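Which chain is which? They are A, B and C, in the order written, and residues in each are numbered from 1.
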Amino acid sequence: MGLAFSATLAARGFDVSFELAPGETLAVLGPNGAGKSTLLTLLAGLLDPTSGRATLDGAVLFDVGAGRRLVTEPRHRGVALLAQEALLFPHLTALENVAFGPRSRGEHRAAARARALDWLGRVGVEDLARRRPAELSGGQAQRVAIARALAADPSLLLLDEPLAALDVAVAPAVRTLLREVLTGRSAVIVTHDPLDAFLLADRVLILDGGRIVESGATAEVLTRPVTAFGARLAGLNLVHGRATASGFAADNGLEVPSAAPLPADRRLALTVRPGSVTVSRSPDTPPGTSRVGAEVDDVEHRGDVVRVHAAGLVADVAPADVVALGITPGMRLFVGFRHEDASIYPL
Amino acid sequence: MNAGSLPRWVVALAAVGGLFVVLPVVALALRVDWARFVPLVTSDSAQAALLLSLRTSLTATALCVLVGVPMALVLARTAFRGQRLVRSLVLLPLVLPPVVGGIALLYTFGRRGLLGSSLSAAGIDIAFSTAAVVMSQAFVALPFLVLSLEGALRSVGTRYEAVGSTLGAGRWTVLRRITLPLVLPALVSGAVLSFARALGEFGATLTFAGSLEGTTRTLPLEVYLQRETDPDAAVALSLILVVVAVAVVGVAHRVRPLGSTAPSSPRPVREVR
Amino acid sequence: MPSSHRCALALAAVVLLTTACATGGQDAGSGGPGADPTGAVDGRITVFAAASLKDAFTELAGEFEQAHPGTRVALNFAGSSDLVTQITEGAPADVFASADAKNMAKVEDAGLLAGDAVDFATNTLQLAVPPDNPAGIASLADAADPGVKTVVCAAQVPCGAAAAAVERAAGVDLAPVSEESSVTDVLGKVTSGEADAGLVYVTDVRAAGDAVRGIGIPEAVGVVNTYPIAALTDGAEAATAQAFVDFVAGSGGQAVLGAAGFGAP
């Protein structure tokens, strides 16, 4: 049961397979053009795959391949779509919008309205029932859109960056609402915000160039990323390297001793938070730390810290230290961290 | 945007263009013999022509809606080989001289025409009938409806329809409850334009339908004929046509697209916790 | 070209030249704004002629240009009343040839005639039927049979007035399926086979060639439509205009008009 998905779309170089247990929420992350929206449109049935098969709770969504072509119409899939824009039908009131799904599934007018009113209440906008979309704010409209999607009682809810178009002031409240309604519900959410993934998703899928580059439980992917993109999402420095006799040797020249034996036959990853990376003018290496000399690539002001890029690492340095050290792009200095702040794991 | 934000010469050219359209109408109104106006436009032949024109134009408009809406839907929502060609062919009556349209209709539905010979054998004669007038009008008016509706369908896009279908709505429900309501303003203004074009139809009617009072002599044909003997009557009837056309265009412009609809009762839009 | 014809033409040219000089002198004396400064038969004139004159006048204009090297005749054909509207609204015309006296009178009333109008041709009505004559029409009475689709001109235009007179003379009451505003439209309905019969001018039947068959109406002989022609005051080439008028009314013009089916005035 749950969702099993495997599809290729030749025209977009898309080739993705995954499974999702019932009641789980999957966050799909990745750079622009990675295939995130393609995944959603294939699931919604707005686009047919070149080949592949997908089932939702045992029912076939599509099964396309040599000699077979079974594609279920969108309306029979039990899949509801919530997009970046609310896309409320402009000619219908909020209530009629929410009642649209139940009505389309043959529910009687009164019953559909009652259900719609109930859902408007659950998303906190029952007092807006009679308004038209043009009379709603962005956040209100997105709440109505959530109610409309859920009133259709979908087996799978698809969310395409549902918070991206909202004011920063409004997004947190809607995110909290989504967190409530997604609990125990099968859902796929496309997002560019790791916060959404952390707060809303049980599992994460990172796409790049139409393929999965990373996947797993949210906590796992976001604490032990294996790709640069995953690391950036997780806000971590990631350097690749290999095992040596005494520990770990990074591709940028850093050496980190390890008490535990590391697998010698595999590529390894080391992650460390930017806040844990220090810079100095002296090559002295206190016990329990590693340092490597490098040229400063870039200096970037980020609110109350200055982010220094060097040796493939970023270090968040206090502005006073930047002044004291006279850090400018092109100068040579030493970057390092304490061994206990880094974690090393196989790719 | 106010005129102050445009280069002056643009405003000047626009004024020239406006005068070019308005002055002839003013000139027409100045020639009206107001003392005889009422008797002229209420004569039996004028009344018969006006009633026939309204009747046939309304029927032609209904015909345009009946086939034009499906045509616009097919052009806007499907993709098939030769679609561009089909679209240009559908729009042909816009650029074709109406007389040529009339000749083409004659060669199709006339007594010796492509289909007309079979129809004639079945006892259906279209030429010289009111039906021929309606067909001439529908032929020239159809592109206006198809064009404005197809444009609206394309600009509305398919996103609302996609949402509707994921919510469980069938094709007919999507069409009836989403697509058509969304393009209703365009449908209304397209129909009004078609009606106006049908009302002014002259060339195709003259060629295909003939001219007989009460049966095929519409207002424009009556104007054309009256001009032979009584230019005053022709001018008076022309003014009636102008008034009807202006009224119709006015109605069309009152219908605004849904996207631009302001809240019916302006209320402060605020966030709900 | 037969030599007798050529002789006639040459003669006509001589006659025309003399008259032209005479009228030219007259015009120069009047000294109006449209007066011909040279008085010579040359330059370009514009002739407004009734639609039914199209074939005959196209040929006549060619012959006139040949007879008077240096002249150019521009032709504008339309329904007579259209032409009257254009002329009275200031269209630059040198000569007007009308299909009836009524329309010529309108131009005269507007004070736009340079001289007197001259009747130069007559026309009578005939029944035109498709070549295969599907309704088997042999007389005007046949055209009045119920079920026969007969087309006539509307009473407001000259050919319609003539049709009504022919009906009265023959004691036949037609029930037309259409009353067209021009004789060309009547003929078109017959040539396309939409109508079984149409009342048109003899000249229209002649010009249509094999496209229609003409059936004579004895009673129509008494209903004669007369065509007047006149030079106009607004023209810039008064001498040439008058020369053209005289050419049309003269023997050369009459030969061409006769060949097209027009009767002598």
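Here is the rule we go by: a residue touches a chain if its C-beta (ideal position, glycine included) is under 8 Å from a C-beta of that chain, and two chains touch if they have at least 3 such contacts.
Every value quoted in this text rests on a predicted model; they were computed, and no experiment measured them.
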Check: Chain adjacency by touch: line, ring, star, complete or other shape?
Finding: line
Checklist line | Distance-maximising chain from chain B - centres being C-alpha averages | finding: A
Check: Measuring from the mean of all protein Cα atoms shown, which chain centre lies nearest?
Finding: B
Check: In whole angstrom, what separates the CA-based centres of chain A and chain B?
Finding: 52
Checklist line | Whole-Å gap separating chain B and chain C, where each centre is the average of the chain's CA atoms | finding: 39
Notebook entry, point to check: Per the centroid of Cα atoms for each chain, what is the distance between chain A and chain C, given in Å?
Noted result: 87
Note to self: Give the residues of chain C touching no fewer than two other chains, as numbers and ranges.
What the structure shows: none
Notebook entry, point to check: So which stretches of chain B touch two or more other chains?
Noted result: none
Item checked: chain B-facing residues of chain A, complex -> 44-46, 73-77, 79-81, 83, 87, 89-92, 100-101, 104-105, 124-125, 127-128, 132, 134-137, 139-140, 143, 148-149, 152, 158, 169-170, 173
Notebook entry, point to check: Tell me, which parts of chain B touch chain C in their complex?
Noted result: 106, 110-112, 127-128, 206-207, 209-213, 216-217, 221, 224-231
Next item on the list: Note which residues of chain C are touching chain B in the complex, please.
Entry: 79, 81, 85, 149, 151, 154, 156-157, 176-181, 185, 188-189, 192-195
Notebook entry, point to check: What residues on chain B touch chain A, complex-wise?
Noted result: 159-160, 162-170, 173, 177-178, 181-182, 184, 258-259, 261-264, 267, 269-273
